[in-house]
Amino acid sequence: MFAPAPFLLKDASVSQVMTQVCLALIPGIAVYAWLVGPAILVQLAIASFTALLAEAAILRLRDKPLALFLSDGSAVVTAWLIALTFPPLAPWWLVATGTLFAIVVAKHLYGGLGQNPFNPAMVAFAVCIVAFPALMSQWPSIGLKLPLLDQLNIIFGLAPRVDALSGATPLDAMKTALKLGEGQVNVAHLLENQDIYGNFAGRGWEWVTGAYLLGGLWLWQRKLITWHAPLAFLAAMVLISGGLWLYRPESFASPLFHLLSGGAMLGAFFIITDPVSGCTTPRGKLIFGFGAGLLAYIVRVFGGYPDGVAFAVLLMNLSAPLIDRLTQPRIFGMKEGRP
Amino acid sequence: MLSQLFKFHGGVKPASHKDLSNQAPIVTAPLPSRLIVPLHQSIGGTPRPVVAVGDRVLKGQLIGEADGWLSAAIHAPTSGTVVEIAMHTRPHPSGLSSQCVVIEPDGRDEWIAHGPADYAAMTPADICSYLQRYGIVGLGGAGFPTHGKLTANPKVAMAELIINAAECEPYITCDDRLMRERAEEIVRGTAIFRDMLKPQKVIIGVEDNKPEAIAALCAAVTALAEPFTVVPVPALYPAGGAKQLIRVLTGKEVPGAMRSTADMGVQVFNVGTAYAAWRAIGHGEPLISRVVTLTGNVRQAHNVEALIGTPMDELLRLASPNPDTDGIIMGGPMMGFLVPDETAPIVKTSNCLIAHSARLFPPKAPEMPCIRCGACARACPHELQPFELYWHSRAKDFGKTQQYHIFDCIECGCCSFVCPSRIPLVQYFRFAKSEIWAREREKKASEEAKQRFEFKQFREEREKADKAEKLAKAAAAQAAKKAAEAAAAAGGTVAAEAPAAAGDDPAAAAKKAAIAAAMARAKAQREAVQAKNTDELTPQQAHEMAAIEARRAAAGVSEAPAASTDSRTE
Amino acid sequence: MDILLAIAIMALGALVLGAALGFSSIKFKVEGDPLVEKIDAILPQTQCGQCGYPGCKPYAEAIAKGEADINLCPPGGMEGVQRLADLLGREVKALEAEEKPKQVARIDENTCIGCTLCIQACPVDAIVGAAKQLHTILTQQCTGCELCLPPCPVECIHMEVVPETLDNWKWKYPVVSIHPASPVASPEKEAA
Amino acid sequence: MSHYIFLLVGAVLVNNVVLVKILGLCPFMGVSKKLETAYGMGAATTFVLTLATGSSYIIDHFLLMPFGLEYLRTLSFIVTIAAIVQLTEMVIAKTSPTLQQTLGIYLPLITTNCAVLGVPLLNVANGYDFVESLLYGAGSAVGFSGVLILFAGIRERIEGADVPTHFRGTAIALVTAGLMALAFMGFAGLDKYQ
């Protein structure tokens, strides 16, 4: 048995890290639940339950200590991110399938905690949106706050999925407008009249994303994440959306709209800051964040899917090892260090 | 006065626990029952024993003679009888043994005739060999022979001489007490180093958590009217690492690949070394004792002046360890190691003994996978990427670890300290490093074997050729004889050609042999030249080895409480 | 007619391409075979002949030609096989023979009769001695190839495992690890 | 102009030859274990593919079509590609023996890299003119190389991961390739937007 130096250790653990990430998500979840209803809490429960179950099963199969790894909290973080990115009234099996895929394929096939090259939550989102595009696009209108029982009925498939649910998200509306072409619909005009489409400070999604921002800043203040990736992400979004908006404001939405809609804030502070699948060098983080922001904008505005954050993150995930290698910081006593 | 201090990247602030042992003055440890003096105590060649079993030795008498340039002599710590020259466990994480001289003290503690050296009349070369003969080595941890560091690099002017009094590791206070009580002698020792190296500046760097020591040093510097600067440096582990201290005091960064800091015009000595050098020159006392901190799970933590060779368990008993003590850490809690055998002796580099107990150092939580959070990279004073090093060390991909500069790691333990997954990172790096060294050794051996094999093949060829030549000559002789006979019989010119024709062959063979011999000579020459090359390299390699040894000396393997496995098995 | 035209055009094409290739094969001619050197550098140079070839170089040549498998060198161990596989892009195979710890030969001084047979057998001249004199082994130079064992008429040579000393001591792989180590060292690594 | 840009973007990202068209999987799986080899293979394939599309176009338009020999297309393309590959191999052997060695068998195998044959045939099927063909070829080659290099980066990292025994090696590499293809689906529709 070894007891190697150092004999003194700082009080830190993986579960502490994960718990703080979960805590930072709480404001966002609270606002979400207040706006859309308790359905989101149900989804969170479904995802967490599935994640822990899948995790336990795999750990069992691989003969790893159950208690140790179940309590590290990483599966719960993944589950929460999945629940928060999926439509709140998605059927239970959709969330469960996504979570299962994330935990089993994206995480444990690579050896589990700390070894997955792709962000499991984003893999889940991408898989589901490719496989079930319709279900993944049914976002409830924010004004429509169904009672808990109705929401449960919809989630568990006991009630028909009413058309009223499938209100388009602000991003959808904007994209449709863009696709229809110039002159047909004026994006700015479209967004102006509908406060549920995230008109700033109305009663819309911007409150949720704002709460995520708050949680993210707290994480940064706790030194769990660094400023590089989120800042670069948001900067990239502002730059490209701002540029296009100034160029043709009637076709493109404002930077503020883009920052506050979809998964932008969640992505910037909770997803691209995942150190396992992201970059780890300071310059690498900047490139990672910037690339993700750029791709997210391109995919969400010009691509075929409602939101681009998931694809952007996956695309940057697959570039991360290379970026890391090419951006090794200089080491002590060396002018420039690159392996 | 120095106005500007620099910062190094990373570093950690563990609780210092220095007040446990820095209150009481240094006491002289009583004579132990026996002294086990390892011959190999410093980097470099192992000294040759010059006493035999049964000899009576006096305190300060030479018992091991320096072997080669990079080696320092060993002396009897007290008077007594040599009872054994045998293998004994070394204070080393491996628990392996090495040659030791065991002395049974006679209790009289009788000094050999000694007195101050005639310092004024000594040339620098004299001083170097004097320090070597008096066994002065670096007391900070690495144990590099001091005279080796005093032979300045002639190509680089020495800008700064730094006396390392930072003592950044928690628990250790031996330098602190030494400075408080014997500041004047430290300053005098520093003056010797200054005279040798002729630096532009002399800086004594002390961590700012030792105000009394700083005051004492300042007083001594003023009293002796030396132009030395005592600089308080911010307390941040590992500010006492040589390269970190150089960075803080001068702003210079010494690359990991650079063998000696002297190449950057800086040289660093530990305070204890300066003190020991002065004791040798000013009093004629070889290095036979040192100040050791006894602390940790003990009731009376304090510093003792202990003889080299005192068994650790006997020494630690002076501090009355608590009954739940389950091991001894030699060195600090960050870089020290649990000694595998508690009867191992104190050596010149043992600065601290910490009584280990599960209460003081709780068993580590089970190791989790790395989540690449980067805490280690933020803490690394050498700005490495420990998590990448870990990833590749774990997979035994040693080529990659070298790409990520594993040999720049100073094994300070900052990364392990902050790791939320409680990965024994340093342990992985040590593993990778020693595997790489082993591989280098194997490669060298295989290259040598190849050369020897090729030479043997060549020799066999040559022998075969020689044999063939001899046979050919014999045949030619025979043919000549026959021809002569024939000529005698027949006469005429035809016969004269025959031996000539026969002689052709041996001539060619001889020529061939000559060529072969020439090739052999050339090859031998080439090999000789190569051998010489490696000879020349040796001191430099020795430098490298020095660094390696230093890290090794500061490393730890041992038995540990089994609790860390318990929680892993469900 | 069509078919003739087709044949003619294809023949023309073949001619042009053939000419281009022929020209460049002269222009870009490569001398020597650096591969053998690279393989030889990986082999441990024990010259033990356990691979069935007379020495490491011949074995390296055989590997380069594709005549020999890469798993015939016990002194090189699994690691040698791994490195050869990496170099050549071949599949990692289990060693033919068992892997042994590093050993050196030792002569029992009481039984040696000084016959010099072992001296002739040693591929690296690591045995010194003369006829009717006691022989001894230069431990530093001995590669542990065991070639001196069979010729000895009195069986006075035996192999000894090299002991661990402070000079060759290695830090061990951290054992507190939860996950099984290294997929790299395992033979089931894929071939591609 | 924008037409060419969209063609290029389409070839590199949206219709990535490996991840979307699923062509050239053999070298994609085979030469992606080390970054260095991936760089080399990427460069070699880019060179061959661009040259192959150009020369195939010339052969198709100036040799086969005038004589109504379109039915010899596949055959003559293959022969041309083989010759180009041979040429590339000789040049690489001369200029960089180490690269030749690391590429190993995969260098001559570019001949049978289905992407290299597939792209010229797709060019014909899409009715591209010479510039378009070259652009499409170059775009596909860049897409191939880029994805190969990224894949190699990931695989070098996975090499150290604690992958379950049965998934080690090619299995996990294929899973990874699948997830990469999933990520690339995000580009869907980009080339349609004009």
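The chains carry the letters A, B, C and D, assigned in the order they are written, with residues numbered from 1 in each.
Throughout what follows, a residue touches a chain if its C-beta (ideal position, glycine included) is under 8 Å from a C-beta of that chain, and two chains touch if they have at least 3 such contacts.
In this text the structure is predicted, and so the values were computed from the model without any measurement.
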Common touching chains of chain D and chain B: A, C
Pair of chains whose C-beta contact count is the highest in the structure: A-B
Inter-chain centre distance, chain B versus chain C - centres from mean C-alpha coordinates, in Å: 35
Geometric centre distance via CA averages, chain B-chain A, whole Å: 52
Residues of chain D engaged with two or more neighbouring chains: 157, 159-163
Multi-partner residues of chain A (at least 2 other chains): 1-2, 4, 65, 68, 111-112, 115
Chain C: positions in contact with at least two other chains: 172, 174, 176, 178-179, 183-184
Chain C - residues contacting chain D, complex: 2, 5-6, 9-10, 13-14, 17, 20-21, 24-25, 28-30, 34-35, 38, 87-89, 179-180, 183-184, 186, 188-192
Sites on chain B touched by chain D in the complex: 369, 391-392, 394-395, 397
Parts of chain D lying in touch with chain B, wherever the complex brings them together: 157, 159-160, 162
Chain B partner contacts - residues on chain C that touch it in the complex: 40, 43-47, 55-56, 122-126, 141, 143, 164-166, 168-174, 176-179, 181-185
Touching residues (chain side chain A, partner chain B) in the complex: 1-10, 12-14, 16-17, 65-69, 72, 74, 111-115, 224, 226, 275-276, 280-281, 324, 328-334, 337, 339
